[in-house]
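Look at the two complexes coming up: chain A is in both, with chain B in one and chain C in the other.
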Partner chain A sequence: MSAPENVTLTIDGRVVEVPKGTGLVETAAVAGIEIPVFCYEPRLGPPVGACRMCLVEVEGIPKLQAGCTLTAQEGMVVGTGATSEKAAEGQNATLEFILVNHPLDCPVCDKGGECPLQDLTFRYGPGQTRMTFPKRTLDKPIPISPTIALDRERCILCYRCTRFSESVAEDGQLVARNRGSMSMIATFEDEPYRDLFSGNVIELCPVGALTSTQYRFEARPWEIQNVPTICGLCPVGCNISATTREGKVKRILSRNHPEVDQGWLCDKGRFAYPHLYAEDRIATPLERVRRRGFGEISWDDGLDRAEALLRGAGGRIVTALSGSETIEEAYALGRLLRVGLGAHSAVLPEATSSALDAFRAPLSSIGHAEVVVVIGEERVADRAPIVGLWIKQARRNGGDVVELAEPKLDAELEQRLRSSDRAVLIWSGRAGGGGARLAELAHSLGFDGKPGCSAFHLPATPNGRGVAEAWAAAADRDEANPEPIGLLIVSGDEAAADPAVRALAEKAEHVLAITMYHGLAVGWADLVLPATSYLERDGSFVNLEGRVQRLRRSVIPPVPDELGWISKLAARFGVEISPHASLVFAELAETVYGGEASFGDVGERAPLPARAAYEPPEPRPVAPIPPPAAAPAEHFLGTLRLLRYRPLFSGPTVERVPELRFQRPAAEVELAAADAERRQIRNGDSVTVRSESILTLRARIDRRLPPGVARIAEEHARDLGTTVEVSRSSNPFTSAGGERA
Partner chain B sequence: MSSGWGTPKGFAVTFRQIFRKPITQQYPEYKRPVYPRFRGRHRLQVHENGLEKCVGCSLCAAACPADCIRVVPAENTAENRVSAGERYARIYEINLSRCIFCGYCELACPFDAITLGNEYEISEYSRDDLIYTKDMLLAPPMKTVPVADRDLYDTPIPVYRSSS
Partner chain C sequence: MSTLYEEIRELMAVYPEPRSATLPALRLAQEKHGWLSPEALREAAEGLGETPAYCMAVASFYDMFHLAPVGRHLVEVCTNVSCALVGAQQVLEAFERELGVRPGETTADGEVTLRTVECLGGCGWATIVALDHRYRTHVQPADVGAIVEELRADG
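Moving on, here comes the complex of A and B:
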């Protein structure tokens, strides 16, 4: 970075001094002057000047200029619409042109009331139309995916959506078709727009051309409240606003935290909120009744039963945490079980560690890294989708992205990482020790002294680390795994859906499940206490950077939240826990988060704590569920190692959102090109996958995949073993793709 | 006080009124007609083809200073077409116990779907009954209210007697 060179220019008679190269729109904003824009959006890359709304008069240039494409130059004299009559006339004419074919849909348009076109027309546009001819009409709305509706009449061709698709998400699926007045936005080949980040185009659209089908006709802007909270579905913790109307969540909007998500949000975070209103949501405690399945009981009875179960287990209790609890909830549960009952044993789906705090940096540091090394077999987007966007940005900014299956660096790469000032390591896979292994690697590469070099571990759970820390802070005793297990407490939906936890439940005498859905609990739990979602609780999450972020309750849950009844239950065991998240946080902050911290300090955009000094990792406080046994190294023709992965669009939350069904992975097996060629399998062929059981799946050849591996989504892999044989299906009736001669 | 004329003077007024025509109006037997622009309880209008004019845009709710209108829209489908636009008001409720009859909803409506009618006899025994639903607002009012002749704007005179 060279030293900033300042330039001085005049905008509307005001003298401004800004660094050279600053865009004129930002420069004007510094002077307190607004240059209206539709298409300009710095996050989408270089300006295109498509909408002509930002017309300004620049002294010495005879014609009006698009302000967004200009940068501040020394001695420039700029007149915006506020002072320059010519510019005001130009903007007025621009709006008149835009409105020529824009339908008068405002009363039925979802954007009406929060529409930049409405606002700018009101302020800069003509009061009346001179258009007396019939407007262009088109079919509306056409679905470009099950979650997005496109109304081409309303489109003003600002190309924000296509630029997002092309240069941010890099999927290239949204394109502009035809020319002139018949230009329109469409998906490539009219395929559904299937991308992890497709929902962002809804928010980018400055008119109501791209709207959400879930939010369609649900509310108007003056009837809603936006609750600033964070997304609790992946470890990134994107900042979101939950739009609520009449006590229900109606949509999720991103809330730009420039260090975390840059205002982008994945489709899982954006469209998964209907899980709150799933049909099988549990509203009252459920108790197993002999021969009748399950019976609903009152909360008083439910707590009595829970107390009896806890007392009856005699301390032989294991808690299966899902890693999506708030830290306050985990702490309260820990206090209840560890202090009140002496039950110290807990399992988390993945190990956690704070070792990476020594190499902490905001996620945005990935975006301008020189070299990014991604280690692990899991796709980044499946674990933390926004990190995938940051990596793409790094690549666009000229950085090198290296993907490795194993943490083995060759000498050249190691040398590069050592010498670089902006290197990033990302661990995206199993057995990372919660970042401990990556921290060792980063330490060995000398990242300690370089603030530009950072390392990130992508955990499998949204708040696993916070939960582990809070659980550890609840008492200072060592855990002992009880044998046999008297009571298994299953906390949360992810734990209830986890096959490892189910296996544990078979060994337990009793099971107490805390879950949101009938489908997850009925049949194997003795007592089910209803849970709440991340949109319904107050509390805090620790994201993968180690940033403590604040969840705010957006809607009142249909059941008492966990903290409320845990505090009541704890009182019966002589443990005092506040039912208020803020007080629990204050108590927890004394031990974990460095002295006095309160909810108020977290704020709407949480700051990132400073780096800690590197220490060799300590033994973990919470024992992980062991990952599936590693595959044998043998690899000959016919046998491939099965790589099970958990797709982003999976899990109990996504399963309850019908709109997201199209995003879920197809029944496919992904093969490396070499493996497929050896087996004479082509893309789309129907193949038989054989181990202890036999499955028929469609083949997809993936060039990114290393040879010797068959990659199948967890939900399709079912009970396949660790090694599989893959061959072309001989049965023509099971063929999924077109048969070739 | 000083003179003895006070009492007869006062009674003179009384006796003079005895022989005049009384101005008392025998409501509810007799209903005084309202002005043509009187703002009574709301009505929702329909098009001639039977489709509702309301598209559920909630602008009335936005304009309402008493916050007494609730609109929950839904989408028109080919099987169930209720209004002329893309959507219609699935729920349209006015809480008349809160309404101040300012008429802003009428002004805000882009489709002239809501108008303020003439009825003012809307008292009920329960507050709940004052929440008017869409069906009640769409239906013609049960009680009719006489409206003054437009030509005799300033001095309304009864045009007919109502017996309700």
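Moving on, here comes the complex of A and C:
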């Protein structure tokens, strides 16, 4: 690619040189001049010039132009409202026009105080109104989903939200209805706007038309503080700001990291914060009291009991980690248990291979790839939603996206990947050695020497890799699997909710649970130490790119944080560990991060470490991916392989947020069209799913699904076996499709 | 007879950009259902591979798509400049009297919907009235009684 040619132009008398084709808004910004905008937002695709706020005068063009739709040209002479009277008059008139039907209910509007319409009216608008007619009134607010309210009177029809829906999320659900002055933003009929990314339209709205139902009337902008931190709910680690007021988190906003999230945030990350205030949140240590459940005890007693349990186990301790601990917490726990007690055994849902470091690139590189190969049976959006947006961007930019159930490339695709300079491999599945197999594939395709070619593994846990590395760094002795288990330590809510961990507990004499919620501790823990959330901790996460990002404490938790009491407990076993994340990080950084990184250096927008040299993954046997069951022959209603998946909107955090209930998957079984047809099952039919147990679910036909599988969300699959029979429910009156025989 | 889904798929193949089939697909759905009910929009959307919301957005932009039920017959009176100059208003009023409804309304028996429309492209033959999309030219208020009778007789 040749360097773009530079052009020189004049804006408000200032000469500015930029690459040809730079947008005029950006060009003006280079010259330190603001062109005000409402609808302009480069992340939404090409400009539309809908709001007319950006009017400028261009020499040689008789009429005012929408600045946002122009690009820098050689010799252009531009006057903005600051110097051109005509432009200033035009902007003034634009605002007067926008305000004709705007209710000016700023005193009761959530946006008041942080509203572009307020700000731009103040600076560019008319000081008074000439309106003598009554304003248009409409029903308001109308819920467009349980999380978003729409005030149509306030809408200025900039079309940012509908453009997001159409061109970024590509869900096509939020649209403009009618035309001209009757236009209004709407969904289809009364259907809610149900998309993983719907909440972004709240932030995009330049007025108070789209507001968050959670944040409505909760705070004014001058009462709040925004804490820059990281979302801890998936391995992407989107950069966020936690808005706090009087020590409580009130909302989550995106905080654009152009390489990670481009300023988008999924609804789980945005709307799940009320989990901090769940009814069953544990505030004090709990001890099992025979028959009666739990009794509250003091922290001193709690630590005494913990010490006694640890000593009593005689080193026969297994730790079930969640992968959502900070690396500092995992390291401290590792020091306490491994150095203090010689308890080296730990389990983690999924390992992540460091072999992928040789093919590292920012997530944003996916957006410009010419070919993206997604391997695995788990949907990208369920594991790492933002990666799904980057893949959509690649497709919009003309890239090809290939989805494969197994890492088997045909000759043509292999050749394409070999010859491409911008190819991306993504592993979205359970097997594959945490990306080890993908690294081998990338190596075999010659990705090592091509910085534009990268490979990503989408782990099941937010910080699994960081936790594993920190745990490993805590001591250098071998792991042993104690039998029988004297004490099972359950670290975190995900581990506490994991059926595999529960099964492990059956074999343990005692269970110590570190969890936020009563519901996760009851019935199996002997001692419960209260946990904190990612919004309440200082520390670091390693995301799926291998980027070390910092969590900042947004609010003071109602309980001491883990690092604090682990430090105290460790002292009782002669292990010195600081209760401060920055000091633990410094200790950890020396062994894991080469002593280069320091806590302070991580900054608000963390950099990506350089690529490492490729080292073949350790020759540990890699479990093969189970092959899809052969397609059943005609006229044969064979069994289907059950494909269990963990939906994005699931888990102990989401379960505690009522507003997100509508996002959780329905009790459905997804079937390939051919499998459904063979069983005479139509979309929406009630079907019976049979293995060792029997369930009745609604059928959904998914044209993307390969034949031979039945896909069911984990929470609905319950104790079904690995193969199932699916048939139409025999009783026509249970038909969910509404048809009566 | 082919289904709406198949007809829409055929239409899409005609255009270089499949989305261009949206308007004809909506017309087909409207012909089948009489109006663009939520059900009709869903069917059109399934054929087009778009969302129902997208179809609703497009349909609501255009005047000739009906997002509310209409009568079996449609009377559309042009009230644009040329027709207005030769008495379209009186023609419209005659229809209002004869049918007992205001423009935009449907007779109580669900037979006839009366609408005003913008230019139908027949300025040389004003006043133009479209009866179920077929033009009557040079319509005078005095003709209206016979036209309505004819419509009703058509069953």
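Definition applied: the second predicted complex is superposed on the first by the 717 of 741 C-alpha atoms of A that agree within 3 Å, B and C clash if a C-alpha of one lies under 4 Å from a C-alpha of the other, contacts with A are read in each partner's own complex, and residues count from 1 in each chain.
Heads up, the rule we're going with is that a residue touches a chain if its C-beta (ideal position, glycine included) is under 8 Å from a C-beta of that chain, and two chains touch if they have at least 3 such contacts.
Quick caveat, the model's predicted, so the values are computed rather than measured.
Novice: Considering only touches as defined above, state whether A:Ala513 meets chain B (first), chain C (second), both or neither.
Specialist: Touch status of A:Ala513: no partner.
Novice: Touch check for A:Asn178: first (chain B), second (chain C), both, or neither?
Specialist: second
Novice: Looking at A:Val18 after the superposition, I want to know if it touches chain B, chain C, both of them or none. Which is it: first, second, both, neither?
Specialist: neither
Novice: Who does A:Ala330 touch here: chain B (first), chain C (second), both, or neither?
Specialist: neither
Novice: Who does A:Pro107 touch here: chain B (first), chain C (second), both, or neither?
Specialist: After superposition on chain A, A:Pro107 lies in contact with chain B alone.
Novice: A:Met76 contacts which: chain B (first), chain C (second), both, neither?
Specialist: neither
Novice: Who does A:Arg216 touch here: chain B (first), chain C (second), both, or neither?
Specialist: A:Arg216 sits against chain B, while chain C stays out of touch.
Novice: Starting from the residues of chain A touching chain B, keep only those that also touch chain C in the other complex, and list them.
Specialist: Touching chain B and chain C on chain A: no residues.
Novice: Across the complex, what residues on chain A touch chain C?
Specialist: 171-179, 186-189, 191
Novice: Within the complex, which stretch of chain A touches chain B?
Specialist: 105-108, 112-113, 140, 216-218, 220, 222-223
Novice: Inside the complex, what are the residues of chain C that reach chain A?
Specialist: These residues of chain C touch chain A: 38, 41, 50-54, 56-57, 60-61.
Novice: Quick one: in the complex, what on chain B touches chain A?
Specialist: Touching chain A: residues 55-59, 61-62, 73-75, 85-87, 110-111 of chain B.
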